[in-house]
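Labels A, B, C, D and E are assigned to the chains in the order they are written; within every chain, residues are numbered from 1.
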Amino acid sequence: MIEVDILKNIKTYNGHHPLRIKTTFATNKITQIFGPSGIGKTTLLKILAGLVQPEQGFIRVNNEVWLHTQKQINWLPQQRKVGFVFQDYALFPHLTVEQHLLYGTPDKEYVARLLAIGQMQAFHQHKPKQLSGGQQQRLAILRALAIKPQILLMDEPFSALDYTLKKSLLTDLKPLLIELQTTCLVVTHYPLETEGWAELSFTLE
Amino acid sequence: MIEVDILKNIKTYNGHHPLRIKTTFATNKITQIFGPSGIGKTTLLKILAGLVQPEQGFIRVNNEVWLHTQKQINWLPQQRKVGFVFQDYALFPHLTVEQHLLYGTPDKEYVARLLAIGQMQAFHQHKPKQLSGGQQQRLAILRALAIKPQILLMDEPFSALDYTLKKSLLTDLKPLLIELQTTCLVVTHYPLETEGWAELSFTLE
Amino acid sequence: MDWTPILLSLKLSFITTLILLFIGLPVAYWLSGSHSILKIILEAIITMPLVLPPSVLGFYLLLTFSPQNALGKWLQDTFALQLVFSFKGLVLASVIYSLPFMISPVKSAFDHLPKSMTEASYTMGKSRTETFFLILLPNIKASILTAAVLTFAHTLGEFGVVLMIGGNIPGITKVASIAIYDSVESMDYANANYYSLLLFTITFVIVVTVFVLNRKSAKSPLE
Amino acid sequence: MDWTPILLSLKLSFITTLILLFIGLPVAYWLSGSHSILKIILEAIITMPLVLPPSVLGFYLLLTFSPQNALGKWLQDTFALQLVFSFKGLVLASVIYSLPFMISPVKSAFDHLPKSMTEASYTMGKSRTETFFLILLPNIKASILTAAVLTFAHTLGEFGVVLMIGGNIPGITKVASIAIYDSVESMDYANANYYSLLLFTITFVIVVTVFVLNRKSAKSPLE
Amino acid sequence: QPLRVAVAANAQFVIKPLQKDFQKKTKLQIEIITGSSGKLTAQIKNGAPYDVFLSADMEYPTNLFKAGFGLSAPKVYALGSLIVCSTSEVAIQNWQQLLLSPSITKIALANPELAPYGRATQEAMRQYGLWDKVHPKLIFGESIAQVNTYITTGAVKLGFTSEALIYENSTKHKFKWARIDPKAYSTIEQGMVVLSHAKKGNYSKAMQFYHYLSSPAAKQILRQNGYRVL
């Protein structure tokens, strides 16, 4: 189980407004996260990954306390080993598709498997700027999986994919996530797209 | 009427493969464009805007020939005055939301109207990196409208917006497009999202 | 204590930096992007003045612009412009000498900018020039500032070239660097220390102020 | 025609550039990002050696490292290290003098990199060091190359400092810039021209080669 | 416009009392520009606005005069005196043995290719058969001024320089020094020449200064500052 209880001040035009999230997520399950634009979904994922620091907070993943601001506990992003699919991809401009994946794992077989899942074999030598929007997004997903993460945090990961591609990707991802025993949190605006795939839902408001 | 007849060589892993598009788009209408990821939708829009040069091609917008490779006619992007919503937004990091719009028009009233349509009034002083994904996408749409374009080219413009927001945005956009007599081509993966809004469809394959 | 050399140095550095901003930014922009062999060779040529010891560069400039020489004579006869042993000549020499420090880092900065930023501006009907000034320059402000500070400091300390074509004339070409050197040479170390310290302090204050102002403007009003 | 000074110059420039890459890149990285006043002041201090005329900087180095002086004596007694009139001393002086040309442009380049690139690397379990070498450095390769080329050229032409603390010893501290200067001073202009041309040509070839190689690697195999 | 006098580095000290005395006598202002003789010559040939040139030797002024840059034939205004000098406690009188001693690791002299005093040093050392033996210890200064810097900062323990150094700086530094026998090197004839730039208005002033330098008063000052005069 992932326990989250955080308070983050978000700076806005007219002062600060607090983002308070207190909830739990089931492990080894796929949870979809909803919420209007600008509510703080990306911020939540980044706090979980250790990329953004909340003013106050507590995060426990199974028996490990990742964050406890009062006790000054704060794991580094590196220690948390979460896979992160960035909303704006954040790809490495100088690396080819294949090198992106090899950056996360030395396992060539696994890399080949990921390329197949994303239907990216034909582009394994391309650099990000030579990829279409949808290809870039698939690479972002595959890269997050390269480290075989304990938790996979996905920020709008399917928004640039067409229906057929998305269906086949979802179908191929599921057994992989089960095999890796990965807990998956996926932010989405289209409940339909992950329906039947995600097992749980959480709405931020 | 917009007449398009172009040939663009797309470089891929195993040599070049040609992208051939010959079609017409109705003016003063909204046309949605479908097609699988990587087929060349973004490339088509960029060719229309004059940002990518096809090997061979002809583009006529009403009575103006924008591109005629054989006759060496090739209008600059500046002359074409198309509004472009980039798939990756391509915002200006140093400008605030309001400054983005003022960069396209000196008309402050019109800017206020655009901010209202995008529900971005509260963020008019924010710079791009202070905006959430959905806020950035809305800014990209509003910026494209700032120049009151004859043609509006939108590349996946709603992918990061939640349902409610998208609905209200679509509702507000329609009368504006009619008022400006803007022809609108919108690339989308979700036929549902623009259903009833777009009047025509075109599929690339 | 004579303030003239220090003021002269500051004036020379200031004018040189200003001119290099005018010349350097467009040239850097023009050199960026396309990697044609021609542009690479041009970029290499710009770097070449650095390779010569300043005093030797100064010597060649002296030969080139000497009124004894065709070019120098022509400039003198046609425009009454004498570039050796005059302040104008120092400016020209400093500009040539510091050119690469302005152009090269700024060119790299342009290279690092995403192409889509320019494209977005073009689709908004903005010309190359407008895009250059309103979009591209503001986004590489940090690099420009760095280049300007290096140019300024480098011109202040510039010595060999100035010594050669300036001729050490008080009030005209006797800049601070020469004055300090003279003090050292005539073993008036107290004076040398005094000048050095003064030049240090003034420059330090200028540089820190520029950096701090830049830091302020980089932050948004919201943070 | 004596090749020793030219080889010595190339050696000095090469070693200086190498050392500055080792020191400069981490320091530039450390200075980038956060804009604390402390770091701004440090950055300004790094720029300061530029402000002094090279020969005066050389004079202060001479004072500091003179065997008559505490530090110079200590270095000599403890490490048998003599920094005046030795090649090691020239290296040290060149490193100090060229420091800002390496650090400042590279720091700006780091500043321009998007934060998310680093974040993505961290979430993949990579340390700061791994991220620095595998992600950040390759993405500012153009700026590093530019800085290295400027440093190299600048050290080749470096003259005042070398003149002061080198002592013009053939084979040890008599580098090309000094040899050329000597020729000019003794009015052996033919020799000066010959040396200059040689230095020019060699450097030109090196710089163009580096730029062209970089251009190749910047292009993907697909283009 | 004041009279501009370009002065070789070795004479930078003596020129100050000369300047003062001349101004007192004639009420004429002088501007002094110092540099190595070679550099000043190159500058004069390329349009430097100097009226009079005081070189460290006769070669440069003769060269200038022949090339048409001089108005008067070059004339010797002083003879230089070469000394060996130190700021350390050394037995300077036995300087020939001292040069060979292992305690002396560096010896400074002006570059023989550039500076007359360097040439004289080389000749003297050859004369005493020392040149080849001490060659690895030699440090070459660009001009006599740089050698003086090496000596006074203690960067070298021993240096060969012009006697003028001693009189200017005796209050600031404790010098140990010894005059080199003038027979051991060819005479350092320091020449002066009035330059053609003086035609642009300073001719009479320049000639006044030119004559002043040969006057008994000037000779007295030169003598007091370590030069010999004819």
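The rule is simple: a residue touches a chain if its C-beta (ideal position, glycine included) is under 8 Å from a C-beta of that chain, and two chains touch if they have at least 3 such contacts.
These are the chains along with the protein names UniProt gives them: A, B = ATP-binding cassette domain-containing protein; C, D = Molybdenum transport system permease.
Note that the structure is predicted; figures quoted are calculated from it, not measured.
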Which neighbours does chain C have in common with chain E? D
Treat touching chains as neighbours and tell me the shortest step distance from chain D to chain E. 1
Taking shared residue numbers divided by all residue numbers at the interface, is the value for chain A and chain B over half (same) or under half (different)? same
My parser should flag the chain pair with the most contacts; which pair should that be? C-D
Most remote chain w.r.t. Chain A, using mean C-alpha positions, is E
Based on mean C-alpha positions, I'd like to know which chain lies farthest from chain D. B
For chain A and chain B, what's the span in angstrom between their mean Cα positions? 29
What is the distance in Å between the mean C-alpha positions of chain A and chain E? 79
Cα centroid separation between chain A and chain C, in whole Å? 48
Can you pull out the residues of chain B that are in contact with at least two other chains? 11-13, 88, 125-126, 130
By the touch rule stated above, which residues of chain C touch at least two different other chains? 55, 59, 184, 222
Of all the residues in chain E, which ones touch at least 2 other chains? 39, 42, 146, 149
Contact residues on chain E for chain D in the complex? 36, 38-39, 41-42, 63, 106, 108, 111, 113-114, 138-142, 146, 149-150, 153-155
Within the complex, chain C is touched by chain E residues 4, 9, 12-13, 31, 33-35, 39, 42-43, 45-50, 143, 145-146, 148-149, 152, 168-169, 172
Parts of chain D lying in touch with chain C, wherever the complex brings them together: 35, 37, 40-41, 43-45, 47-57, 59-60, 100-101, 104-105, 107-109, 111-112, 140, 142-143, 146-147, 149-150, 153-154, 156-160, 177-178, 180-181, 184, 192, 196, 199-200, 203-204, 207-208, 211-212, 215, 218
Chain C - residues contacting chain B, complex: 114, 116-117, 119-127, 134-135, 138-139, 141, 220-222
Chain A residues touching chain D in their complex are 49-51, 76-78, 80-84, 86, 88, 90-94, 96, 103-104, 125-127, 130, 143-144, 146-147
